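As written, the chains take the letters A, B and C, and residue 1 is the first residue of each chain.
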């Protein structure tokens, strides 16, 4: 069919471990990325940026983060929203208090601080396993809500408990003012198109980094710890260090996602947003998308975030505007997501990514069957 | 290093190991010496404490008493990690492969001790990380070729047959270039062809790489054929120690295996 | 230094009659968590599943009951209907989720219950509504002076907590007797030790699991009623229930009496933390994470919990 491996012979280890092994896939990827970078900024409108593209990418990064801890390393976590919150607050406070800070460095700092928190709350994993770890990560989840509530300094003493993020925090270019003047652009640095581009760049970079890690010794060590920790220890993999490393990287991703959630998606800083419900949503994303799969992290995030929007739009189109109330949509998506989780676990434990792989496999050998 | 009685160099000396779990005694006062470059078989009935002995050697269990002298260094207890660093490789009785990974990835994990790049370098995927990946991949491919695993290189190990899984596990241990290999029932549960293949691999590893091999096995034919030195355990105690021929004629061993009447 | 001083004062305050009152009150309020923990342990013990849907089952039961009584259904009729509904839900979960996933790894089973959790959440609020409902069961809530019974003990205790404690104790004793002295109980213990082996000796695994899930449904209902009276019925109920987690970790995952003890410890620690140590940390509301921290410290010292069994890792 479309996928023809015939003639694509791998002659070197470099080629053999290339990220996208099939020529056809490389084409699709290239066209897709070019479209996202070069076409979408011009044709997209604020609704698409703010309600669809940005949140989907941000949540994909969060679910990728959780997938590194849970899917790749087997460490359950219910605190991803908490680590997102640490990231968001770090980014805000750096941009608020450090004169020369720009948004890229702030995101980096967000990741590092969240990652360090991840190490702290991941420390119990050295001694306890499995479900026990839920307690530690739940602790992180509730700790951040308390911390940012008890110490208003983090919110710059905003009386309402919510900070609107000012446009001048969005410093993403050197000599940004001059460049914008020169090009005659309005200095709305927080316009959705800029936020979209920032999100896209960060997302692509982090996805690449994740892909690189999982196909290197780092990723193999994670998976070894997940699959059989005693055997891992016996062949010399430092199990404890690997777990903490996974927690750091996982929470780094969550932290950056949290900062982007505030800066690029909602434009506010508000710790109430990063509640346990969001942690659960991120967990659903990786279960649906596929544990231990980067593609799955994206597919899961897109589905879990996109389904309610789809139902609303569908309802509007079929029954006329405003027919379906939000409570219905919310309950509907809970039932649908819950059902799909169970069905996938029974029939396709690797989630959407597993489904996609089997479809791809069929395409490759079509017209023959497995 | 002191030479043994017959000019052999001791690789590891085990002295007075006692191991118990709660009240249950698994190993009582075991001592034996493994010489460099030999194939040493540990045999004995089920439940004799053979696997526990291997677990003590590479630090999975901590004995209550006794010492292990490895290459002249004395340890009261081994740590799994340092055992690996010192070059002790291991396979398990119930295959302990990383089931979510492919054959190549599993064997690559065996080389992790030699890979120095940090996760940041790996995330960037250039320079040292990339170089290491390719270098070690080449070494792993040699092992894959040696063990004849080419056709299943990219298969997930959970989909492989028992015999092949055992082979991949041997490959993973081999990838670390160990000086001593502990093999826990490497040929148990295989058909005749697979058994012969595996026995050949073990002998070849021993001869060509000079790796000392300690193995547990129930198949007496193979044990007597390939090993230089046999240690017999029963009920956690050592009841025999010598060359295969000596063991064949050892009365205690014959009693343990064939049974003995306790009337007289 | 300042923190140290306030820490010392906090500890000093602890050893007073007021401290004792807080301690006892805390222990009793911790029983509320025990009620939830019992359901967790029952399922874990018999099928090795960490049932995350526990909280939502609880919400579902409470919501069903409240919605029925609000529609002028007689109290006992509503009670009976809810019991039947919960048993059916338990059986459906067992039949459609647990059985197809039998012999899967624990992580899949856990995630399946997370899915069930989300499904039930949607179903509960979709069938009834997402509003907050008050419940009045007529459980007395006024405090009593312990000094009326024990003259030298001049502290206040809530009657409500006492009632909850009695219910929890009743459930624990009942389940204990059931496990120790009935044939089904014996089979349950066998199943919890080894699925395969019990199947091999002819224990009907499916039937046993069905019983467990049905019983769990009813336990959820009872716990849900008491929780609902305490808090009112709303979505937040499912979160309050998460505190059952630290409780079972402290008690040991498989021990039903452990639920009681764990509940007492978590409850006392939580109240003492909030009242005496919150200021040291610089803000009220630490009880939301304090319970988890307590459990964490506890299992770091004793990873199997108080009554848990230790596994020797065999390879």
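Points worth noting:
Keep this in mind: contacts are C-beta pairs under 8 Å (C-beta built on N, C-alpha and C of every residue); 3 or more make two chains touch, one makes a residue touch a chain.
In this text the structure is predicted, and so the values were computed from the model without any measurement.
Both subunit B and subunit C are touched by A. Ranked by C-beta contact pairs, the top interface belongs to chains A-C. Of all chains, B has its CA centroid at the greatest distance from the CA centroid of subunit C. If each chain is reduced to the centroid of its CA atoms, subunit B and subunit C end up 47 Å from each other. A separation of 33 Å divides the Cα centre of subunit A from that of subunit C.
Rounded to whole angstrom, the centroid-to-centroid distance between subunit A and subunit B, based on C-alpha atoms, equals 42 Å. Within subunit A, the positions touching two or more other chains are listed as 230-231. Counting partners per residue, subunit B has 60, 92, 96 as the residues that reach two or more other chains.
For subunit C, the set of residues touching two or more other chains reads 315.
Contact residues on subunit C toward subunit A in their complex (touch as defined above): 50, 96-97, 100-101, 104, 106-108, 110-112, 114-123, 125-126, 129-130, 239, 242, 245-246, 249, 253, 281-286, 288-289, 292-293, 295-296, 299-300, 303, 313, 315. Of all residues in subunit B, those touching subunit A in their complex are 58-60, 80-81, 83-85, 89-90, 92, 96-101, 105, 108-110, 112-113, 115, 117, 119, 122-125, 129, 132-134, 137-138, 141, 172-173, 176. Those residues of subunit A that touch subunit B in the shared complex are 13-14, 16-17, 208-210, 212-213, 215-221, 223-224, 226-228, 230-238, 245, 249, 292.
Touching subunit C in their complex are the following residues of subunit A: 74, 76, 124, 127-128, 130-132, 134-136, 138-139, 142-143, 145-146, 149-151, 230-231, 276, 280, 283-284, 287, 327-328, 330-342, 345-346, 349.
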